[in-house]
Amino acid sequence: MNILVIQGPNINLLGLRNPKIYGELKMEEIHNRLSKVASDLGCQISFFQSNHEGQIVDVIQKANGVYDYLLINAAAYTHTSIAIRDAIEAIAVPVIEVHLSNIHARDDFRHKSLIAPVCKGQISGFGYLGYEMALRIAVSELKGV
Amino acid sequence: MNILVIQGPNINLLGLRNPKIYGELKMEEIHNRLSKVASDLGCQISFFQSNHEGQIVDVIQKANGVYDYLLINAAAYTHTSIAIRDAIEAIAVPVIEVHLSNIHARDDFRHKSLIAPVCKGQISGFGYLGYEMALRIAVSELKGV
Amino acid sequence: MNILVIQGPNINLLGLRNPKIYGELKMEEIHNRLSKVASDLGCQISFFQSNHEGQIVDVIQKANGVYDYLLINAAAYTHTSIAIRDAIEAIAVPVIEVHLSNIHARDDFRHKSLIAPVCKGQISGFGYLGYEMALRIAVSELKGV
Amino acid sequence: MNILVIQGPNINLLGLRNPKIYGELKMEEIHNRLSKVASDLGCQISFFQSNHEGQIVDVIQKANGVYDYLLINAAAYTHTSIAIRDAIEAIAVPVIEVHLSNIHARDDFRHKSLIAPVCKGQISGFGYLGYEMALRIAVSELKGV
Amino acid sequence: MNILVIQGPNINLLGLRNPKIYGELKMEEIHNRLSKVASDLGCQISFFQSNHEGQIVDVIQKANGVYDYLLINAAAYTHTSIAIRDAIEAIAVPVIEVHLSNIHARDDFRHKSLIAPVCKGQISGFGYLGYEMALRIAVSELKGV
Amino acid sequence: MNILVIQGPNINLLGLRNPKIYGELKMEEIHNRLSKVASDLGCQISFFQSNHEGQIVDVIQKANGVYDYLLINAAAYTHTSIAIRDAIEAIAVPVIEVHLSNIHARDDFRHKSLIAPVCKGQISGFGYLGYEMALRIAVSELKGV
Amino acid sequence: MNILVIQGPNINLLGLRNPKIYGELKMEEIHNRLSKVASDLGCQISFFQSNHEGQIVDVIQKANGVYDYLLINAAAYTHTSIAIRDAIEAIAVPVIEVHLSNIHARDDFRHKSLIAPVCKGQISGFGYLGYEMALRIAVSELKGV
Amino acid sequence: MNILVIQGPNINLLGLRNPKIYGELKMEEIHNRLSKVASDLGCQISFFQSNHEGQIVDVIQKANGVYDYLLINAAAYTHTSIAIRDAIEAIAVPVIEVHLSNIHARDDFRHKSLIAPVCKGQISGFGYLGYEMALRIAVSELKGV
Amino acid sequence: MNILVIQGPNINLLGLRNPKIYGELKMEEIHNRLSKVASDLGCQISFFQSNHEGQIVDVIQKANGVYDYLLINAAAYTHTSIAIRDAIEAIAVPVIEVHLSNIHARDDFRHKSLIAPVCKGQISGFGYLGYEMALRIAVSELKGV
Amino acid sequence: MNILVIQGPNINLLGLRNPKIYGELKMEEIHNRLSKVASDLGCQISFFQSNHEGQIVDVIQKANGVYDYLLINAAAYTHTSIAIRDAIEAIAVPVIEVHLSNIHARDDFRHKSLIAPVCKGQISGFGYLGYEMALRIAVSELKGV
Amino acid sequence: MNILVIQGPNINLLGLRNPKIYGELKMEEIHNRLSKVASDLGCQISFFQSNHEGQIVDVIQKANGVYDYLLINAAAYTHTSIAIRDAIEAIAVPVIEVHLSNIHARDDFRHKSLIAPVCKGQISGFGYLGYEMALRIAVSELKGV
Amino acid sequence: MNILVIQGPNINLLGLRNPKIYGELKMEEIHNRLSKVASDLGCQISFFQSNHEGQIVDVIQKANGVYDYLLINAAAYTHTSIAIRDAIEAIAVPVIEVHLSNIHARDDFRHKSLIAPVCKGQISGFGYLGYEMALRIAVSELKGV
């Protein structure tokens, strides 16, 4: 089992940016915690962060046939990128959409996710725990439990 | 730790209604699985289902001071009930919103949740696993981990 | 052949409320006339009226496997209840939507029926005759004529 | 009692066009069945079909003082023709709007009927039976029953 | 000076249709009065009425090089016909838009004129007098006064 | 003179819920104060609170012929219930709409009242005093002053 | 017969402002021409111009019982002033709305007239001639011809 | 205690304008009644009416530090004036918004009040009594009762 | 191989109407050029032009079983005719939509094509060449190349 | 070089009204600072403030031929006044739009400026400095640097 | 003659992604076919694909003065990129917009092309043939035929 | 004092692209002029231009702690990039938004700036001078004058 976590624009600033909304954990700390859980669950996990829409599209395309599940927090691109949506739709790997904050309780322009209709499901509002639960769901489904 | 799961209208038909969308598990089976997980996590769990908006409002009000966390799948009322929203907002108990299907990938009128802005977060699209993950998040937070 | 007529909120006031719009017949008189027609057509007919959205959802759910056809005038809930829509969609019994007045010629907020897409068809604007014709259609279809 | 049935654009293709939506009966078969029912009910019935908005307006105008009731399936013009609406409003003959399919369950642009506000009522979704019921309602009203 | 008056759908019913809105004059009486005024002003006037959008387009096209001014009451087609708009825009003859009733004080769907942006100007709300004033304006402009 | 005060969903939580918005008085205290004022004004007053839309419809229907005036704070149902609107419209008893908070200064979805067009008038933003003033108006009108 | 012409904001700049749209006549020249026509028609005519919404409201109010007809070019206030609309509606004097340019062929925000629904009718697009024709209509109606 | 009542455009026509909507009392009679009530309540009351938006802004600005409470019926400016809104927001004196008619039951463009979000509350639909109740509320609050 | 080109309203004015937008070729010249290309490609081609929506519907219906491919420039009816859309959908002959000008770069009301969803594809903006390319595509597909 | 600064409604309250948004400088202090800068730049500067839309229109009209540049902070009228827009468009003097606060970061109804399309440019969000920079730009352009 | 074909995001996945919608040809096969046609037509052709909006902007900028015609399938960026639109508008090279599928028959958010108004024309729905026809049009125009 | 100027997509084409709208200065000339002014003001200034949204996000992130003020002309990304908005919001450096042309006077889709709410203020419409004034404001604020 091989899982890739894709982090969108400005996620690399976690801990600095609006701690009230996004929490105080840094991105690396989230990745460390996830690595431990992945290890416990017996699966491999990798991480990718980029502020470039095109790079995220590239990585999603290349994930096809390499990874078994993608977890994506597309951040700002969630609401503006049809290109990422099309990339997710084009590959055979299932994808879970994660958001640190509850996007449905913020600015109007953050309510609508362009990628939601092509993802398996969405988890938003639980900070680090959202990633962990997405990881557990991915593993459960891959194990066919 | 005392947790209440509130199931909205037509959830009692699970297994019969659109298995492609909602899965083949019956509501009782979901509840049984959740009870086992709750037991493992060392917390108490109760269940309530109703097709009546008013009864759901009553139950949310009475949960105040009795339960430590609510998990709610308000189903159709998610999109039409300001009364349930106001009840959630009025009590001190935190609430997680769960949906079996990915509501963001269905009819337009199911994209907007009136209760999302007053909930801790939202999990949608993972069938039974959505409830289980919500339960794990609730317990994690109550344990302060 | 077993048919149930479901009457929504304020239909019990027929004859009192806006006779210009809804006609002068009382609900009981409508039911009496329908009973006679049903008898002539060789089918059984029952009636249920409620002002409670939740009770209407309950009754629709329980109609599954008991009735062969439902005739429903959801009145005000026609325009606001996704819960009733979901209940109709969940059961295997076909449903005809009836309105006493021509809802398409009234206030804007009465033009849109949330239940129409999950009903067999809609009859509006003919007062008592709308119910009778819905009954005749139901019986025709059940007889396979 | 003298009744005219007006059939709008593409109705002449019935049986060929989308049988899943419009049924397998041809327009002539519908007319034959209606002629028999009219005969049983003791009334005269005529038929007119056209793909031309202007011809339908002409026929509605000339129906004034000649026919006692009009049944109209304006098909596509239902949603675009203010001219047909104005013609119906201008004459003294009452009109019933009929649709073979349930227009409220199809494309968004078919939900709105421009002629509904000037018709007695609307029947949609019952194929041939919709016409027959409209005929029965017209005769009932003309007989003052 | 050669002027053509084009009357749209249902204008031929004037005097019968909604006298409160459209006045009690018949179309022929309007034409007679206009003929007298035209005679006084030393110009020729012709009249054309049709319920057919296509015929109105044909007539507008053929007016090019034959008439010096068009007065048009496109009635219902005012609000739905891009074809008439395109025809007016395509010819070199100036056009005045006339409406018997004040379209800005009626149904919302009568507020917007598709042909207004390609006409010289619009007169609405003055019954017969609107045509007469349009005629006077046309003659004034042709005389270069 | 017999007056009924109808309190909608979550009003029973007054004093607990958002004191900044709704004030610190409990519902019972509001009722006690109103009883005293009613006594001074020489009229009888009763109270009803429910979280159930259907029960509020029932109570409004039964108020016909029993009460001389209704004061209603429909709370969340103000913005979603056509059923309550229809019930108010159906009875002969005049109704005043009251809101504790200034609904026009809150969330967008609280600006529109579905019941306002069938009520005598609306008072919003004055906490307890809004009810008292509504009561005074009702009595003034019943006394014909 | 006593007629008042009310000119709205910036009309006093005629001849300077956008001659392509508004023509080259100055306001005084328009008034002189109108005075001559009024004299020929045997009626008195007065003029009032203001850039102040409130002054226009004042003048409309005071016109009641003094003038027999008002001609108004409310210019920019046409599209923003409910106060002028209410003043027109409040008085018993009939009003004709005039615009120099064809407002329906300009910016979107100039298409909608707030005063149109309370005026007798509207003339737009004919420059000076629009005023003259409005005057002729007013006199015709006052003479009962 | 010093209170100012500000009356917006066309309120000076009360009794003349649409008595069905606005009642038959003249503005002066409303003011006389209010003066008596104010006297009974032991407070001073003044009145100001203007059809000019700018004058109303001026008066609101100058009320700061002079009056203890403002009652305002901004009439048509309620729906169009951000300037009045800004003036109300800028001063320290609390303001109550009053409307003679139930603005929520009239034209769509009268439903939205631009000043409501910066006022204490709104009373609409009760004619003279609305002012009196606003006065009583103002005095109650000033007395700290 | 038998191909029909259908030309909508005002196309017969080509060369006269707005040469900047539509080019200087006359409709006959376009047809002549197309005839030569068709001859080279070994297929038969016919032409039909009408300003009448109904005639276009008639011709599309009759094309069924007679022609192998339709090329249609519905001109103004592109944006208003559901009847033409329904006719295209009803027949088994594939259809290509052609526009002389780039409709996506013109007035807003020309951006939306009602017939696009039932056509094979759309070519717009290339004048005569658009027709020729549509013809080449049709022949390629019929030849199965 | 002669420059006029026009200040709109409620600007005279600067320093009192919402210092967080508008800053603590009083209008006179802004004017004093601007006078010094103008003196340094070798140009004359005048100031005008009014709460009256009509007076602002008057002043803009009269500025034609008198001033070389206008700086305007139309405040609330920025968003509601087509009359001011038309006045700016009518004169030959260039105009710069200034706002103390960043209007694009405030209420939705403050995002849209009706005068922006007829101004040279817009500066918003810099308090006093916005005026100074507008003055410097005006002088630079007048000097042709 | 030198032509560049620009392929947008996810076009490199052709053949894998939704063959029902996009066809079974791979991008390289499309390019090979186009190279042959270009060779026959006596012109040079190059190809560029990128998932990065910024790279596409760079390439369009650099095409100025190097290529004689651009063919672009901007894929997802068609609907979201004003930057690509501005780049196309900024250069002197003409551009044809191509889409493999009929974008007007798919999701609503794919109906609107931001680049269409600055392109020569649009071809959509014909798979590989769309590119070939665009190439033939480009060559025809460059040859001045 | 260390200031960075960020130039968005297509700004590198200045002088070539639409000189009427954007002026004739090249980007380098703007930068040279700004360098001189910065030197006079005693501050350091750097420049960065990119057509890539992601690179602009990277640069904004890295500016934190390095620069004292940012001036940004995000060009097309102004209207589409939530990622740039989030980057600006995430850092502690203040930002001024500059536009060469008056974006409020151009296409509708250029009126709305997604970054405005997180910037200090906006200057648009003054070409090179806009940058210079932004620089002067930045320096003034840094100097605390």
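As written, the chains take the letters A, B, C, D, E, F, G, H, I, J, K and L, and residue 1 is the first residue of each chain.
The definition used in the following text is that a residue touches a chain if its C-beta (ideal position, glycine included) is under 8 Å from a C-beta of that chain, and two chains touch if they have at least 3 such contacts.
Just so it is clear, the structure is predicted and the values come from calculations on it, not from any experiment.
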From chain C, count the fewest steps through touching chains until chain G is reached. 3
Chain K and chain D - chains in contact with each: I
For the homomeric pair chain B and chain C, should the interface be classed as same or different, according to whether the shared residue numbers exceed half of all numbers used? different
Taking H-J as the reference interface, which entry in C-D, B-C or J-L shares over half of its contact pairs by residue number? B-C
Chain C and chain K have mean C-alpha positions lying a whole-number Å distance apart equal to 55
Length of the line joining the C-alpha centres of chain C and chain E, rounded to whole Å: 48
Centre to centre, by mean C-alpha position, how many angstrom separate chain F and chain I? 63
Could you tell me which residues belong to chain G and also touch two or more other chains? 52-55, 80
By the document's touch rule, what are all the touching chain pairs in this structure? A-B, A-K, A-L, B-C, B-F, C-D, C-F, D-E, D-I, E-G, E-I, F-H, G-H, G-J, H-J, I-K, J-L, K-L
Would you pull the chain I residues touching chain D in the complex into a rising list? 52-55, 57-58, 61, 64, 80-83, 85-87, 89-90, 114
Complex interface listing, chain F residues touching chain B: 8-10, 12-13, 16-18, 50-55, 75-77, 79-80, 109-110
Within the complex, which stretch of chain H touches chain F? 102, 104-105, 111-113, 116-126, 129-130, 133, 136-137, 140-141
